[in-house]
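Both of the next two complexes hold subunit A, though its partner changes from subunit B to subunit C.
Then we have the complex of A and B:
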């Protein structure tokens, strides 16, 4: 029972980080209908900037730089590449992001060379013992930070002009344009937010507690878990992304313990397949309920 | 106020939709644009509201001016800020958002908060039902209510020119009559209107001036009264288009309207 509780808490901690990634992924999809396969490379890029600036700026400063650079890279991708190809099919744009992902990832990996630096923590890395269970501090911090960010996101998404514009455009691009909603601004902010969330996520992923591995190609493949998270949540549902992230985190933690560590990666995708078989549009994906 | 000169529009590389259209809307006027399916009515509105590009269309020649300012190359958001707002065909409310949020989305084009508040009061006065259903999802409204929401949403930015694309589409005759009254009211409050319609009876009752589009050209123009009285309008409407006749017939629940009686 103690093991189970421990797994649940730590799984949720991991899941919260996946939720940040999946949320960004979904926000981009909603705003542009583009599936952003370069999401993992945004994670790596943010992490790399942390590694580079850590010595001179310290953890807090470097983390801010990392978050900001991931956000700006996402913005640059949108402004310089996607915005110019607006009339292109969403599928070709998705392919474009695959190419971009390869370029950014390989470049960061090349620059890292043989070093696999941990990003380090600003908190005490000692696990916490409560009763008979061991909790990783990184996971608890991740859970807290994600909860704050996700809450802030949902409040903005629901109540701010930005959120209303974003949802309106996601639902009907032409009607939104007719209302004077600036499509390019909505799209750009979506990428900016998604990039920033990826920059936050990497701070937790490339730590001893979370993955036991430093910043490397492995970070990219861990970030890939955001895809099944977003898809099983329903690709166009922000709430679904959060739930999907948590489900993926839990599935990974539980299957690693009870089945085998090597199986945990496939377990995540198996869960996704089961969800899709039962609910083809994901847990919270849109099913139209329009009266005509 | 709005003046369209020799407007030529194409979709893709080859499909020409408008071949040189001239249209004028005087300040505070209501212009009805009639015509059958495919005549280019919606294309004309898209050219004015700057949304052609979303349909892969483009202006190849001619101009659209609003208050003496060229808007044929402007983007939709800029055109809304000048005071030209469109209600798209088929209503296209944001179905998953609440009625209130739909109205809010409509007000994003108006930066001024006091103007927004005034617009909201006006919309709630015109459409009390929208205040009653504020918290409901727009997709669950009836067709007539959705049309009212679509018009209300467009009024939220306080437009000076309202472009309506077939507001009567798919609505019961009683509701169509109500929409007609609402358009008159909006006009009486000082907003100019371009009303694109297949329902000529309603449109000519509401408008002062009218033009008939036929395969991308203005085939006929005049005051609404002149056109209503003209045999040509009736001929053009029937025009041998069995398809549009049966569609209209179906649309009005099998009732034959006055315009079909010779």
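Then we have the complex of A and C:
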């Protein structure tokens, strides 16, 4: 029983970080209908900036620089590349993000060289024991940060001008434009926010508790592993990102023990396929209705 | 707009460059040639002034720190032997390529480096050596793999400096039992990277388990897995008394950290590649006290005259933090030096001559950087002796040995897979 409980705790903890990552995909998709495959490289970029500024600014300052840098890079990508191809369809832009992802990732990995720096020094490898169950501090902080950010998003989507504009744009881009909503501002803000989320997520990913490895190419792979979380939750649903993240974390942890570790890596994709077969828009995604 | 003559000139220059580069591919000259003025026959990678040896290493993959250490050890040896006049009146040169611990990359790089070298002073990684097995056979190129799988010993051109993973595990388990850290009838976990490296380590633990009625809970992983939290959680549920590791250093860090975090705190026993001094600066550092590393080469900081000499030269030449790869890389060079000198005495520095000299080498000495090696028994590890070491942040290279060279009784009667 203890093993089962520990696995659930492990899974939920990892799920919180997957939720943060999935939220990055969702914010951009909701605003622009573009799937941002460069999210993993934004994660790496934010992490790299933490590495290079940590010595001079300290961990807190460097983390803020990392988050801000990832946000600004995302904004630059949107302003300099995507905004100039406004008439291109969403699939073409998604392909563009793949190319960008390769370029940024390879450059960061090259610059990292043989170092594999860990980034979560404020919470990493400081477990808490409660009644025979180990809670990893990285997971706990990630859960708290996710809860705060996701609540903030719910509120922002519902009550802020930007949130209302984004929802309007997601509903009907043309009608939103005719009503005076500035599409470019909504889109740019979405990229900025997604970049910041990537910068936050890397502080939990490049840790002993979460990935067992420092900042490296593996960090990028983990960021992409959150993609199934976003898909199965529903690419345009913030609630879906949270549930998707937790499902991915749990599926991975439980299948590693009760089926096999090998299988656990494909388990999340299997869950995603099952969900998509039953609900093509994901668990909480908006169903597309087409009149024929 | 480019004019036609200019375009023609550009095309001609390009064609000439392609023709020249095609002609230059076999620049080292494969195959054997006639004897030189001293009557020594020469072959690939051997000229009147130089002997070139290949280094196929990992500078960018999961074993990049180990690869860097071994390469630096190779370089220090080459520098020393050249300062002493070289081998057979020739200077030793190294030709290095990075395969990133990827067999497919190594397959692509091999044809580029093979014609230029007499053999390989380093070929890092079991998957790489396995992928190049046929190439080494057909090219008759002697290679010292930085990989210690006894499965490789069916290839007569493979020169494993030290013992093999299976024997390391057997010796290591006997050490744990000698220290009463495990007992007959216990359950132990073995986490291993799927492939020749992991399977060979597992072969050793199964051999020992069979002799001592141990139950082995096997967990197969891949080289890119880094978070092993759920695996250790499962092994805790299985009630293991020790966890064996045939893994990469980041994986070792993960297991050590979770072993401590879950309050499991069982001894960890790893094959020689599982540790990297970088772990001592990772968040897992405080959890490494349970780790025991089994290796047949000395730790960097070993209190032996030759090890101290290598360490001093290393510190004078390099700034990177040292690891156990440095004395090992130097030792491999020493063994290569012994083999090349024998080939020179035989007046045959062709690849055939080098392979023949290897088989005649019954006691390659490295002043105890590794145990004395006997390459004359086909399919058998050249030694069965190991050191046991533990991480120590105070020691240069990050480990100190806790047991000097020894050979367990269970290792002595163990028959390696290709042993005749």
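As a convention for this text, the second predicted complex is superposed on the first by the 284 of 292 C-alpha atoms of A that agree within 3 Å, B and C clash if a C-alpha of one lies under 4 Å from a C-alpha of the other, contacts with A are read in each partner's own complex, and residues count from 1 in each chain.
In the analysis below, a contact is a pair of C-beta atoms (placed from the backbone, for glycine too) under 8 Å apart; a residue touches a chain by one contact, two chains touch by 3 or more.
Predicted, not measured: the structure shown is a model, and the values here were computed from it.
Chemist: Should subunit B and subunit C be called a clash or a fit once both complexes are overlaid on subunit A?
Modeler: fit
Chemist: When the two structures are overlaid on chain A, which partner does A:55 contact: first (subunit B), second (subunit C), both, or neither?
Modeler: The answer is neither, since A:55 touches no partner chain.
Chemist: Using the superposed model, determine the angle subunit B, subunit A, subunit C defined by their C-alpha centres, to the nearest 10 degrees.
Modeler: Spelled out: centre of subunit A as vertex, angle of 150 degrees.
Chemist: I want to verify the contact counts: of subunit B and subunit C, which reaches more residues of subunit A?
Modeler: Of the two chains, more subunit A residues are contacted by C.
Chemist: If you stack the two complexes on chain A, which partner ends up touching A:168: first (subunit B), second (subunit C), both, or neither?
Modeler: A:168 contacts subunit B only, not subunit C.
Chemist: For A:253, is the partner it touches subunit B (first), subunit C (second), both, or none of the two (neither)?
Modeler: Only subunit C is touched by A:253; subunit B is not.
Chemist: Pick one for A:179: touches subunit B only (first), subunit C only (second), both, or neither.
Modeler: The answer is first: A:179 touches subunit B but not subunit C.
Chemist: Now for A:286: first (subunit B), second (subunit C), both, or neither, which partner does it touch?
Modeler: First partner only.
Chemist: So if I take every C-alpha atom in subunit B and every one in subunit C after superposing, what is the smallest distance between them in Å?
Modeler: 30
Chemist: What residues on subunit A does subunit C touch that subunit B touches too?
Modeler: none
Chemist: Across the complex, what residues on subunit A touch subunit C?
Modeler: 2-3, 6-7, 10, 114, 116, 118, 120-121, 124-125, 127, 129, 134, 136, 207-214, 218, 221, 252-253, 256-257, 261-262, 264
Chemist: How about subunit C: which of its residues touch subunit A in the complex?
Modeler: That would be residues 59, 64-65, 68, 219-221, 224-231, 233-234, 236-237, 250-251, 253-254, 257, 261-263, 278, 282-284, 286-287, 320 of subunit C.
Chemist: What part of subunit B is in contact with subunit A in the complex they form?
Modeler: 49-51, 53-54, 56, 75-77, 79-81, 85-88, 92-97, 101-102, 104-106, 108-110, 137, 139-143, 146, 153-154, 156-157, 170
Chemist: Of all residues in subunit A, which touch subunit B in the complex?
Modeler: 87, 161, 164-165, 167-168, 171-183, 286, 288-292
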